[in-house]
Every structure is written in C-alpha cells, then in structure tokens.
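All chains are identified by letter, namely A, B, C and D, in their written order; residue positions are counted from 1 within each chain.
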Amino acid sequence: MDPTAPNSGGGAAADATGPTNTTVTLPPLTLRDVPRLPSALASPSPSPVVPNPISRHPYFHPPSTFYISPGDVSLRHAFFDLASASPSPLLAYRRAGPRGDLAVDPARARAALVTCGGLCPGLNTVLRELVVGLHELYGVRDVFGVAAGYRGFYGGDEDHVRLEPAAADDWHKKGGTVLKTTRGGFDLGKIVDGIVSRGYTQVYAIGGDGTMRGAVAIFQEFKRRGLNISITGIPKTVDNDIGIIDRSFGFQTAVEIAQQAIDAAHVEAVSAVNGIGLVKLMGRSTGHIALHATLSSRDVDCCLIPEVDFCLEGKGGLFEFLYERIKKKGHAVVVVAEGAGQELIHRTDDQKREQDESGNIVFLDVGPWLKSELGRWWKREHPDELFTVKYIDPTYMIRAVPANATDNLYCTLLAHSAIHGIMAGFTGFVPGPINGTYSYIPLEDIAVAKNPVDVNDHKWAWVRSVTNQPDFLMSQA
Amino acid sequence: MDPTAPNSGGGAAADATGPTNTTVTLPPLTLRDVPRLPSALASPSPSPVVPNPISRHPYFHPPSTFYISPGDVSLRHAFFDLASASPSPLLAYRRAGPRGDLAVDPARARAALVTCGGLCPGLNTVLRELVVGLHELYGVRDVFGVAAGYRGFYGGDEDHVRLEPAAADDWHKKGGTVLKTTRGGFDLGKIVDGIVSRGYTQVYAIGGDGTMRGAVAIFQEFKRRGLNISITGIPKTVDNDIGIIDRSFGFQTAVEIAQQAIDAAHVEAVSAVNGIGLVKLMGRSTGHIALHATLSSRDVDCCLIPEVDFCLEGKGGLFEFLYERIKKKGHAVVVVAEGAGQELIHRTDDQKREQDESGNIVFLDVGPWLKSELGRWWKREHPDELFTVKYIDPTYMIRAVPANATDNLYCTLLAHSAIHGIMAGFTGFVPGPINGTYSYIPLEDIAVAKNPVDVNDHKWAWVRSVTNQPDFLMSQA
Amino acid sequence: MDPTAPNSGGGAAADATGPTNTTVTLPPLTLRDVPRLPSALASPSPSPVVPNPISRHPYFHPPSTFYISPGDVSLRHAFFDLASASPSPLLAYRRAGPRGDLAVDPARARAALVTCGGLCPGLNTVLRELVVGLHELYGVRDVFGVAAGYRGFYGGDEDHVRLEPAAADDWHKKGGTVLKTTRGGFDLGKIVDGIVSRGYTQVYAIGGDGTMRGAVAIFQEFKRRGLNISITGIPKTVDNDIGIIDRSFGFQTAVEIAQQAIDAAHVEAVSAVNGIGLVKLMGRSTGHIALHATLSSRDVDCCLIPEVDFCLEGKGGLFEFLYERIKKKGHAVVVVAEGAGQELIHRTDDQKREQDESGNIVFLDVGPWLKSELGRWWKREHPDELFTVKYIDPTYMIRAVPANATDNLYCTLLAHSAIHGIMAGFTGFVPGPINGTYSYIPLEDIAVAKNPVDVNDHKWAWVRSVTNQPDFLMSQA
Amino acid sequence: MDPTAPNSGGGAAADATGPTNTTVTLPPLTLRDVPRLPSALASPSPSPVVPNPISRHPYFHPPSTFYISPGDVSLRHAFFDLASASPSPLLAYRRAGPRGDLAVDPARARAALVTCGGLCPGLNTVLRELVVGLHELYGVRDVFGVAAGYRGFYGGDEDHVRLEPAAADDWHKKGGTVLKTTRGGFDLGKIVDGIVSRGYTQVYAIGGDGTMRGAVAIFQEFKRRGLNISITGIPKTVDNDIGIIDRSFGFQTAVEIAQQAIDAAHVEAVSAVNGIGLVKLMGRSTGHIALHATLSSRDVDCCLIPEVDFCLEGKGGLFEFLYERIKKKGHAVVVVAEGAGQELIHRTDDQKREQDESGNIVFLDVGPWLKSELGRWWKREHPDELFTVKYIDPTYMIRAVPANATDNLYCTLLAHSAIHGIMAGFTGFVPGPINGTYSYIPLEDIAVAKNPVDVNDHKWAWVRSVTNQPDFLMSQA
C-alpha cells in the first residue's frame, strides 16, 4: 500500500515532476454513536417529532443544505500511514449541527446551566451562547443558571437564576463566570433529585474531568430511572488535557496571555548578571500550554512538562544545562508546567496523604521549589558569581481574562453544537471539533480520554530544536 | 450506508441509550502527490541520498517515530455523508515533516527567500523560521533574502542579503517584513536567469495568489530547463481566500485586531442619537475576516460579504433594515468586507478599465461609498431626525501588527514544513495544514483553489442568527 | 534679582560646589476668584450653611486638614525668570476640594449632567464619578442625565434619565458616553426654561469650547434671572487645546493609542521600497497630540502641526525633505495634525462658505490631500522609482477607547472637584489642575483661553531634535 | 491675608457673582541652587566657555527664547494658604534646559551611564535618550554603558561598552535595561578610581535611593579630590517614593499594568462563592502604586498601605470588614502594598537580623501571610461557609514592561534635562519636574527626601470614599 513504491505510481516517469495520483483502498469505518433520550428511541416513531423552528425564522431562510443529515459523520483520524502493515480500523463520530426534525419540543424544554471548578477564558461566552442560542434559535424560554457548581442543584432558590438574552449580551467580554463556581459537592442522588424536582429537562454541565465524570454518573442515573432528561458536557480545561477533541476552549487565550509572563521573565533575565527567568504555567497532567507558549515565544531556553522526566543536578542535568546556557548567552529562561517534576519534590507524609476537594492528589508548587533548589545549587557550586532568579506565576492573571476572538468563536460553535444535539434528542454526549469538524462524542469516552503531549511528535521536536534543551538522559541513567 | 437505518445498528435495543458502534465501507482513496526534483527521481537511486542531520543533533535524539514515512498521508475531507448515494472518491496528500533521508545535500544548498505583495501578520515569523530552521535543523549556511519582491531576483547585489539566525532572533515580534516587499515586476525569464546566475538551489516564495501563480510558472520553467532547483510557495493572504489548506497565516491575528475597530464603531454608534458605526474589513473576494470578526464580536447588526448580494434601498433593503434596527435599539453597527457590493458602486469608464500592478481589477472603496449613500438616503427619507455615521477603515492598523501567539506557532510549523519538504527533494509544492495535519499540496492546485465563504454552511447561518440580518431577497427580486 | 550675579550669592567661594541658597523678593499676587450663587453671597450670612456631610461619614473620619480653607490658592505660573526686568504680576486661583461648610443643601439639590460634542476617552468616568460622588460623598439623591446634548434640556422626558450609582459602577471601563451626545442645538432661552421647569439646581456641562461658551451664556442668563442655580463646565477636548489647566482629560489616553497607528505606519513604511507612512492625528487648532505622540514614538521623521507653517514643494520643502530622508534611511514616517496645512489645501467656493453644526469652519481633510499631493509629486519628479504611501486615520479608534489608568484618576479628581465647588456655592467655574493643584477657574476665562503648542519651548525643540525635520524656512521666504 | 474676608475684595458687591480679583503680598523666595564643576566656577571666568552647538544645528534654528536664562527658576510649592498666620518662606530651584553657553567642551566629554537596583519601566528610554541626546544634541562621541551597576566601574573592559545612537534606536520599546543591573557592590574608592582611570568626565547614575546616596558620596569624593568630573543622578523608583519631584519615571506605567492584576483578582472573586481577590503591589515604604491603582480601578474594596496602620481581627478589624463586605456584595477585592503591615507579621529572630544587599531590612512577604491569616480566620469563624481567596503578585510582570507613552515622554525630558545640566557645568544634581517644570535639585536634598502618601490629603480621602474601608481605629485602641 506504499504509494512511493514503484508499483504504486510514485515512479520515475518522464512527466513525474508534476503532481501525480495514486489510488489505494481503506480499512472499514466504524461509527461511534452517542446515546439518545428514551423518547427519541420510542417505537414505532420518536415522540415528539417537531420541525426545527429555524425553518420559520423571520429573517433567515436556511437552504436545504443547512441541516445535518443522519449520515453525516466526521473521521477520528485525518492522517494515516498507508504503508502500515496492520492499519487500525477507522473511527467516526456524528457531525454536530442542527437537524431538520427535533426529538424535543422547545416549548416544553427547561434548561439548566452549571459551571464547576476553576476559571477558564471563554466560560462566559459558552454561557452567553447557551442562553442566546436556546432563546433565539429554538425559542426555549426557560433557561436557568445553577450557581455554586453541582451543589447548586440541591441548593436553595437563590442558586437557580432565570437567564435572559438581554442580560447576557456582553458576557463574552468578561472573564470568569457569571455563575458562581465551586469545586466538589457532588452528591449524585441529591443532584438528580434536585434536577427532577425543579423540572429541568436538559442539563448543560461545563467543567473539568471531574465534572465530566459526574455528568456520566448523572446520565447513567437518568437512564436507570428512565427519565427523559438529557445531559451534555462541555469540557472546560485550560490545560487542554482532554482527548479526542482538537483542543479545549480557553487554551489559545491562555497561550496568548502566557506570552506576557514569558516576556517579563526574559526581560528580568537579560537585565541581570547571570539572570534566570522562571515561569510556571498551568498544566497538571499535560504540558500543552508550556509547549505552545514556548513555541510562540522563542525566548525560552528550557521547557519542562509532566510528560518528560528531568533531573536537576549532575552531568546532563537541568542546572548544569542552565549554567552553560548562561555562560554562553548571559541569561536563561525556563518555562515549567505545574505538573512537571512532581515526583522530584520532597513531600512530607501529610502531603502524601492530602487530596483536594475534587479528589485529586495535591500538587506541590513546582515553581518556588525549583527557584529555591536552583539558588541553593548556584550558591554551592558557584559561590563567587552573581546570580539572580526571578519567578513568575501568572496563573490567575491568565485564567481570569476574557476569551480572545479565536476562543470566542470556538465557544460559540461549541455552545450551539450542544444545543443542536440536545434538541435532536441526543444525550450523554460532548460536542467538540475533531480535525476541524464539530461532532458529538459519547460523554463516557471523553471522561477517560487523556491528551498527553506526544513527545514523539514533531511539535515536541520543534520545542527541542527551539530551546536546544538536552534529553536529560544521562542523568536518568 | 445510512447508520441510522434499522439495519445499521442505530436501533432501539434495550441498551441503545449508551454509545453504539456501526461499521461501513469507504470509497477508494487517491493520493495527490507533489513533484520532485529531477535528481530526486534519478534512477536507479536518487542522488544524493543524505541522512537527515537532525539525527546527529547534539542535544536532541529523535525517536524512531520522528521521521515521516513514505506512506504517511492526510485526508482532504474529514467528514462525509455516509448516506450519500454517490460518495465522491477520497483524496489524500503527503504529510509534511522531516524525512530520514534527504534528496538534497544541505552543505551545497543555497536558499533564496522572497516576499511579495501587501503585508500580513506573521510574514516575519515565517522568514525567521526559514532562516533559523535552515541553519539549525539542517546546517544550511547560505540563506539569502531577496528584497523588493520578484523583481529583486534580477536586481542588484543590494537586493540579495545574507540572513543569519542571530539577526533574525526577534523578527517574530515585529510586524511587516524585514525584506522590502513590492507588487508586480514579474518577468519570468529574468527571474529564472537571476536565480541561476546567483546559484540559488532552493526558492521560498511568500505571497498572495499572484505570487503563487508566479511560483507555478517558475517551477515549470525550472522543469523546462531541467534545473535541479526546487521551489515552494507559502501562501500569504490575510483574507484567508486560498483553498485546500485550513486557513492562511495572519488570518486569526487579523480577526483579533479587527475587534478593536468594531468595538470603536460600536462605542461611536451607541454614544450618538441614531448612530451607525461602519467598519470596512479586508476581504476582496471572500468575507472570512468580516464573518469571523462578526461572530467573535457580537456587536454587529449586519455583515456584508462578497459572497452574498444585497441591495441598499427599498423594501427589505439594507437601509430599511438599519433604520428599523435603530428604531429598536437606538444604534446599529455594520461590517462590510472590502469586496462586498462592488457591482453596486457606480464606476466611471476609467475605473472600469483600470487594473492594479498585479493585474487585478481595481476595487472601489466600498466604505466611503456606503457611508455617503446611507447619509444621502437618511437625509432624504428622514430629514428631521438626527443621524450620525462613523466610518472606520482599520486595514493598515490590522495588517501591520506582529502575529499573535496562535499565528506565530502556525507560521513556525509552515516554515519548518517547507524546509523539510525541500530537503526531501519535493518541489512545486505548498505546505499547509489540512484538517489539522501539515501536508504538501501541488503548487498548481493551490494557485487555482478558491476559498469562498460557504453560505450554505453553519457558520454563515450563525452570523445570520447573531445579526438577525435579512436575506435581502425581496429586493433582489 | 539675578541669582547668578556675584552679589546674589552664586559666586566662587571655596565651598561653592555644594548647594547654595539665595533670597529674592516676589511681585504681588492677584487672586482670580470664581463667582458664587446669590444665596451664597446673601448678607449677613449665606443661606443655607450646612455642615459638610463627609464629616458624618460612617467609616471615614476626615482629619482637620481635610477641608480646603478659604485662603487656599494655587499659582498660575510655577516658574519665573527672576532676572526679568519687568516681572509680570503673579496670578492665583482658588484651590479645589471639599469645604467644611456648604452653601447648598444636598437634600434639596437636583443635578443635571450633560455631554456635548464628539467622544473623548474618560467621558464615562467623569459621568460615573459625578453620579457616585454626588450620591456617596454628599447624599444627593436626584441626579439626572440629559441625553442628546444641550438640546436635551428642552427635549421630552425620555431625554432626562435618573442615574444611580449601582448602574454607573463600570462606566469607567467603557468608551464613549452613556448619555447620547450631539453637536449644536444650543437655544439659550429654551435651555434655561427647561432647566427651571424641571427643577434642576445644579448643571454639569461636559463638552468642548462651544459647550463652554454655551455654559457661560447659561451662567449669565441664570444671573440675569436671579436664579439660585449653579453651573460648572468640564472641558472635554481630546486635542488639549484649552488653556490655563495643565491638560484636558482623555489626552494622555489618546497619545497612548496613537502609538499603535504610528507603529503601523512605521511598519508599512519600512516594509516597502521607498515607503512612506502617513498618520493623521486629532488636533484642529493645536498639535499637542501630534507632538506628544511623536516624542513618545521616535519613529516619526516629520511632525506637522497647525502652529507651524510648512510648504510642500521646492528647496527646503516637505517633499524634498522626505525624499532625502528616504534616500538615507529607506523610508519615512509623517505625523500630521488635522489642523495643519489648512491654508494650503485648495478650497472650493462652497467649502469656503461651509460651517459645521457648532459653527466652526469646516476643516478639509489634510490626510488624503497630503497623500495625493505627495503621490503626484513623486510621479512627476521620480517617475522611475518605486514609491508607496500608506495613510492611516485612527481618529475614531482613538477617541472611542476607555480612559487609561492615568486619565481615569484624573477624571475622578475633576468630577469630585466640580461637585465640591458646586456644594460650596461656587458657580460659573471650571475645575482643573494648575501646575498639579486642582483649582477653580472662572468659566469665562476658560472659554477664551487657548493652548497652542509653544514652538519656542523645549518640547517643540525636542521634536525637532528627534525628527531632524527642517524649519521649512527657505520655502516660506 | 484672607482673600475671602470683606476687606480683601471677596465681598457681596452687586456684580460679585462674576469673577473677582484680590491682591496680596508674598513672602520672600529662596533659590536652592545646585553645585558646579570647579572649572565652571573658575575666576575670572569659567573655562572653557563653549557656545551651545545646538545653535549650529543644520536643520533647527532655535529661537532666542530657546535657551534657559540664569534667572529662570521654578517654585517648590504651587499652592499656599494665604490666610496662614505664619507663611513658610518660598523655595525655588533652577529650571532645567539648554544654556546658551556651555561650561563643558563636548569634544572632550566622555560619559558613563550606569543602572543599579531593580527594574523599572522606562530605564531603557532614559538610556536611549542619554545616548542619542549626547550624540545628536551635543556631538559627544564617547558614551559608555557601565554594566553590572556600581561594581562595573571597577570591573573589567567587558563592563564598559561603547554606546551608539543607531543601536539604541528601539531601546524605548523594550522593558528592563540594556545594561546589566545589580544591587550592592558600592566601594567608593574603587569606583572613583575606576572613573578616573577610564577617563570619564561625566557620570549618569540611574537607580533608587541607595544609588542616589552613592552618587552623593561619589560627588563629594570628586570634590575632595578636586576633580573636574560631573555626576548627575536620575532617581529610579517605581514606587514613587522620592520627594520634591512630581513623580518618578515608570510609576504611571506601573499603575496602568497593575489594573490587569486587579481586574483578574476581581474576576476570581466575583466568580466564586464568598470569593476574595488579593493583589500585592509594589511599595515598600509608600503606598502610591496601591493608592493610584485603587483609584483607577474602582473594583477595590480595601487598600492597605504602609502609611496607615490596620489590624486583622476583632471589632473594626480588616477581616470583619471583609466578611461584611462579602455578605453584602458576595465578594471583595483587597490591594496591599508590599510594605503594609510589616510590623504585624511574625518575624523569626533570623528574619529580624537579616538585611538585603543594599542594606535595607528584609521585607517579609505580606501577600501570602495575609492570605494565610485570612484563611485561618475564616475556617475558625465561619467553618460551614465556602470561602476562596485568590492571591496575585504581579510584581515582575509590572516592572518588566516597556514604558507607556506618558512615561516615554517623561523619560526623554528627564534624560535631556540631565544632559543640558551637565553641559552647563552643574554637578551633584538631579533633574526632575517640580509642579510640571523641569528643574535641577541638589543630589543631597533628593537623597533624603521621602514621599509618603499624605493621608490627610484628598487623594487618600478619595480612596476612602471609593472603598468605604474603615479607619481600623477601634481595633487600634
């Protein structure tokens, strides 16, 4: 199946210096479909079947091609090795978008929106577009914001606020979330009871991996109870650590703002004698922000991410590398993802036991630790040389900004995709772009899909060629 | 092939509310390959075959998976309608990236970089990465910038400047191009003579559609003369009007900066009695910037693009729509792409004949025209009502900014992809992402590939739902 | 009086290389006082006298030094030539700030706020602080915004909107004005009738020189009718063309944002062969923005302002200067204030007669004219040389931005000064900083005080040394 | 002397509602002069006397008023209380600016520029303008940058770098300092020996209060040795804690950038249940940045500065105030200057003894301490209520940015003022604006002049009225 082999047409014909065409056969394709509401699966026909109200829009007359057809799917992988001896089967998902026929009656819909966990640029854009989209695209009148995260579902009336498009008009220009957000508080029974008692028929849960796992549990509880209530999850992780989808919202804004911190660290480093600028960027399990920020900045001499081990001292270690870099250039800039080097930091017994409210193990702060270790090492190894290290932790200045234009558009398409899917009768799904095509993915697949930086990939290779940082291999031996 | 049909598994089984899998067969796949240098096609084996020097990198030891294999391809389309009665054949391109074996000896390579046409955010990042990548990835020592566009190839020595990585270090933080750029001056014979006489062995041409067509001609002239000189084109079009690739560099930066102009127009409009803010954005043949800027901003009441006809006066026309919007909201904001409404503007005979230096027909300035027509109409129809229209043309403030982080990363991957392709012996190609995968596309395919806004697509539908602007249909009747 | 003369102590004593002290006598000082309300001048004592409610603030206990004393004045000129043969008499104004005793009863006060003319950064901050300050500092409950400028005073109820602190909370982060603003519509009788009939007891008029002249007329009409209504003017002129006060609000924000336009023009110029970047900045009668933007930017080769004549062609003219600069540096950047060169532009008979709504003569657009003249000249004089001129008019993108931090603070102090003065019984005044001290100045003095750029001063000299632009003297001969 | 007393003209005459004039007599004025070089004091006449080369500028022909005359002085105080029983004597300083005759021959001048201490926005602008101004205004060809702070004077050749205008062209767009800066290393004998041995005839020392005290010592040592070497100090303190001058450079840029941190803290606070945003801003001995940032932002609920005591717990304490604010508004934002509350923080014996390199006592980090105390208090007092505090320390992101336009202009005028003074033969002085007029002040006066926030002044009162924070009085009892 190798197209460059002589028999596949990549040969040396006289006109071969122009473009050439070669044809091959592909493995079979499997569609990984999302669940539906019981009512949407009813036989002989789903109930209700409602024509999409967009068709009756006063101004906009959608062309026939506007609606997604039942056969519209997106491919999980957009590239292959045709020469592979054992090609893996191809996977596809349903395309997101409006359907001509709804399985949900907008007039009876009652939507609940909830945000959980930490801030992320774009949260308010997602909320705005859910409110505006539900009202203006589908005429849903009952849209509620649930405050204080999942625990708001079993909170008082003050935690359930009716949301109107007029009030939501400029939310996308604001950082944070207009719904108060919290961590923890997940109590499945009380949550589902609360949803039922307040009459919600659709739930939009926006949050991190803990929130997605919670949404899976809620979805399964709905199913167990036989409820015609739909749920969709919108993954919120500024770290971009969720798999299958192309990227998470807010990520590009974070990379953009991280440039300011790296710039500042660079300025501090070059303005000092033997200066080091150290920037900690978000990324507990993955180093995407660190990696992208490094590639966008070019001022970084070393990028440390959770996916790659490193050692501090000794031949081939980080400190020696930095010392040599300083001798050569006069300064150095280090970017470290918050999850990097966790296993190197000395942890007290208490710290070994501790967990955060979402049940994650407590991360120790790699930034001050690295600064302190570096200072100690320099004082010991080079006591007569001046040395300065400036440490910057821009976390809260990054995650609190409004989304940039790219993320604003992305959040809009996400929110609208979620609404279209819910209205079509899907449930237990996540909307998201796969190789650029907005699609629906089963919530339970997303809840377990990781997205580590592929250190065999070219992007990491490019980081390496930009920074010229070593493998830290010898010292790992 | 419809996965929702009963026999394809989308049925109503008891557990059907969980994710389901369905399998189908795909049409055959055609690889659309790029040309190669004559020497790379030599038989029995290409000459030279040089191991990739990245393998000898002092710090970075690329894993076995680092190099692109001959069978690595990317898919042209990442989504399909499985239910389609007559599915179109699938198309693939070669994946971009480093190859283990080179068909070009870096020690003998002599690269020429040229930028043509107007400015675009990211130009300097592409140039920086070509210089740095050629030097640091491949050890190419002879890299030259050709000033003044294509005409620089037959210009004097002052138009051929040796470029070094140290000097290029902060180019990505600067707007514009460090090479002087011009329009026109394309003289095929003199250009190829100049390339030959200066001993260039690889040409990187960065420019718009005219520049790409020029690159095709140069490629064909190389082939006609049997020269072992490679050429690659890097499409530069802030308008995003080139097809096949996901988007053009600088586009997202442009959308980002356009927000400032729309914000200003919005402020002017809301601060006046019956105020209209009018913003002209770049986009001669396509309205991508206008569309994306509108979707990112939300303050826009009407978005006019070249792909959609509109009319000014009469029932259902633009002016009536704006008047009603003002009566309702007190103000209105209009975004117009520069290519919109060209056929409506009165053109003198001289203007009908005129062409610009690249041979394009001269565009009349839609912004002042629209402002003037609107003022005239208001004065005539509503003489007793106050009225203000503020017109903003941010063109040069947009295209002169440095690339944002997203575009900086994109430009890096583009430039490195170009280098890897050239070193592998490809020629007459364009590097670019296709559904997220960097690939090589025949130059001649790119030179004719348009990328109009798909007004049947959801993005345009979303614009319509954001702005609630009418179809302008009645008036076209 | 010369301190450097031997007898004044500036001599050559052995220890004279340390700091020395010399004492001289100053001319007498004249206090230029502002008018008061008739009730505040009543004899034997003003009526009412109300203790300042700030003294009863629940949290803040002002120290005895908090209130301005009746003798507190500020000096008009903070520097002198002691050696001057005929020193001019010194002038002083009342210091602005809270008084211990009020001449106005906050409980009966009814304030009207109006904005007139074009936008200026900080307008909304002034409005916010008037609303918040009246409520929170003095407990004034009746604060109204008058929409549509002066004509709103005789408009309908919809033009008189009650303003509350809660709604005003984030106005300072918004560009423009929350009150619709208009030009013209000044009808003295109808305005004063409107003020009286709506029961306003204090008027805050924010606007340009026309608005200040209107405020003088209103003040005099109040006096003529014997009304106990006070009026204060807050000069709004982004051009900084009002005298006596240190600078006008929004000016520094404008200079800041103008950098973006100059940067863009500079990038366009350096990226072209023989490129010129041309930026028009605000400034009809004065060139302060052009001058400050030039000094802050350093990329400017020539700065043209209304206060300095120039000529285009011939020996020593602008075009020759630019040509030489291009030959030397490869490019040039020109900043032109909108009022520069008005007498050079060919004006049709119609244009000679035209006036704008505020009665100003119509300014012709110097930017496109200069661009066109320059292009014509180059084509004639240097037909075989490439040439590009890019013209940027950032006016609406500058004036619509929110105030920066410096201007936000300034607007706050201005608004609070206005309130304190009104509450003390002053009227017909303008608040403003004089050599850094906030003071009260008679409205009629401000209405005629011009603030041209002092071309004999060092700041203009610095522009000249930064740009090295010539005197354009020869050509004026 | 009270102008409002009947006999001083502020009376109740019929036309008294117009502006009035009153005349008074002022106390005598004392000129506080700066030292001069021995050669400039030589008798019978200074040697050399060189005409200012600006008069021979090829393009610019300075008017007669261009040069500062010997009698030009600026007033120390621009406001008075005329009613004061015992008015203090008036003080004046020499105006800064170019003199017609120089006491220094530019052809023999050899200038040394040094930066000491931490970064501050505008450092590079000052350096740029010293280099460009010395070259272009006066034709000084020998300008050197001394690296590594004061210790560079006795360092090797690599610490003495010749500086040229072309290379300095874009320094003002860069943060940090192009000269490596350090703290400490002050060794008077070795510094002056180094200055003499390298033939420097003028020294420009840019740094904080320690640096200014060092400059006084160097000046006195020059005097003691009878050297014709001049020294000027340019105070660098982003905190604005130096007296006499209006403000220090970089301060306004710092206030501007601090807004971003406050915005982020505000977003974090409002997005949480019972959220507090805590921002630490620079200001060891003075709270100017905190105060100005608070006044510019309006989102701050409490501003803590070194000049005002506060207490944490108990009735009327900070924590109770914040709890009440949260109950009322749902969130709170606190800005704390780094020097605030130092006496409240528990200090170990080691910490009590510690000093930094400049000999200052070590400041403990008030931010994390306050965050921790607050968390402990909440957990104890309100264990059942959710609570979040997000802490932001933007220090290095603030001080590393380039100067904004306002500071760029200011730095230019400072640098040029320094050069003009040195060329006129002055030494041991500091240039700086006094009530808006650039002046020369004896270095020894500046070295001891503090600039605390005047908490009796209106600006602090405004902070109090903006934040409504209490006096913390009860708890201090």
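A few points about this structure:
Here is the rule we use: contacts are C-beta pairs under 8 Å (C-beta built on N, C-alpha and C of every residue); 3 or more make two chains touch, one makes a residue touch a chain.
For each chain, UniProt lists the protein as follows: A, B, C, D = ATP-dependent 6-phosphofructokinase 2.
Nothing here was measured: the structure is a model prediction, and the numbers come from that model.
The chains that touch both chain B and chain C are none; no such chain exists. One inter-chain figure worth recording: chain B and chain D are separated by 48 Å, centre to centre, where each centre is the mean of the chain's CA atoms. Centres computed as Cα averages put chain A at a distance of 26 Å from chain B.
Residue positions of chain D touching 2 or more other chains: none. Interchain contacts close the chains into one ring where each touches exactly two others, per the touch definition above.
Taken together, the chain D residues at the contact with chain A in this complex read 119, 147-148, 174-178, 180-182, 260-261, 263-265, 267-268, 270-273, 275, 330, 386, 390-394, 396-397, 400-401. Chain contact summary for the complex, chain C toward chain D: residues 1-4, 10, 12, 16-26, 28-38, 41-43, 54, 57, 59-63, 65-66, 69-75, 78-84, 89-90, 92, 95, 97-98, 128, 133, 136-137, 169-170, 172, 223, 246, 252, 255-256, 258-259, 292-293, 295-298, 404-406, 408-409, 412-413, 416, 427-428, 434-437, 442, 444-445, 455-456, 458-459, 461-462, 464-465, 468-471, 473.
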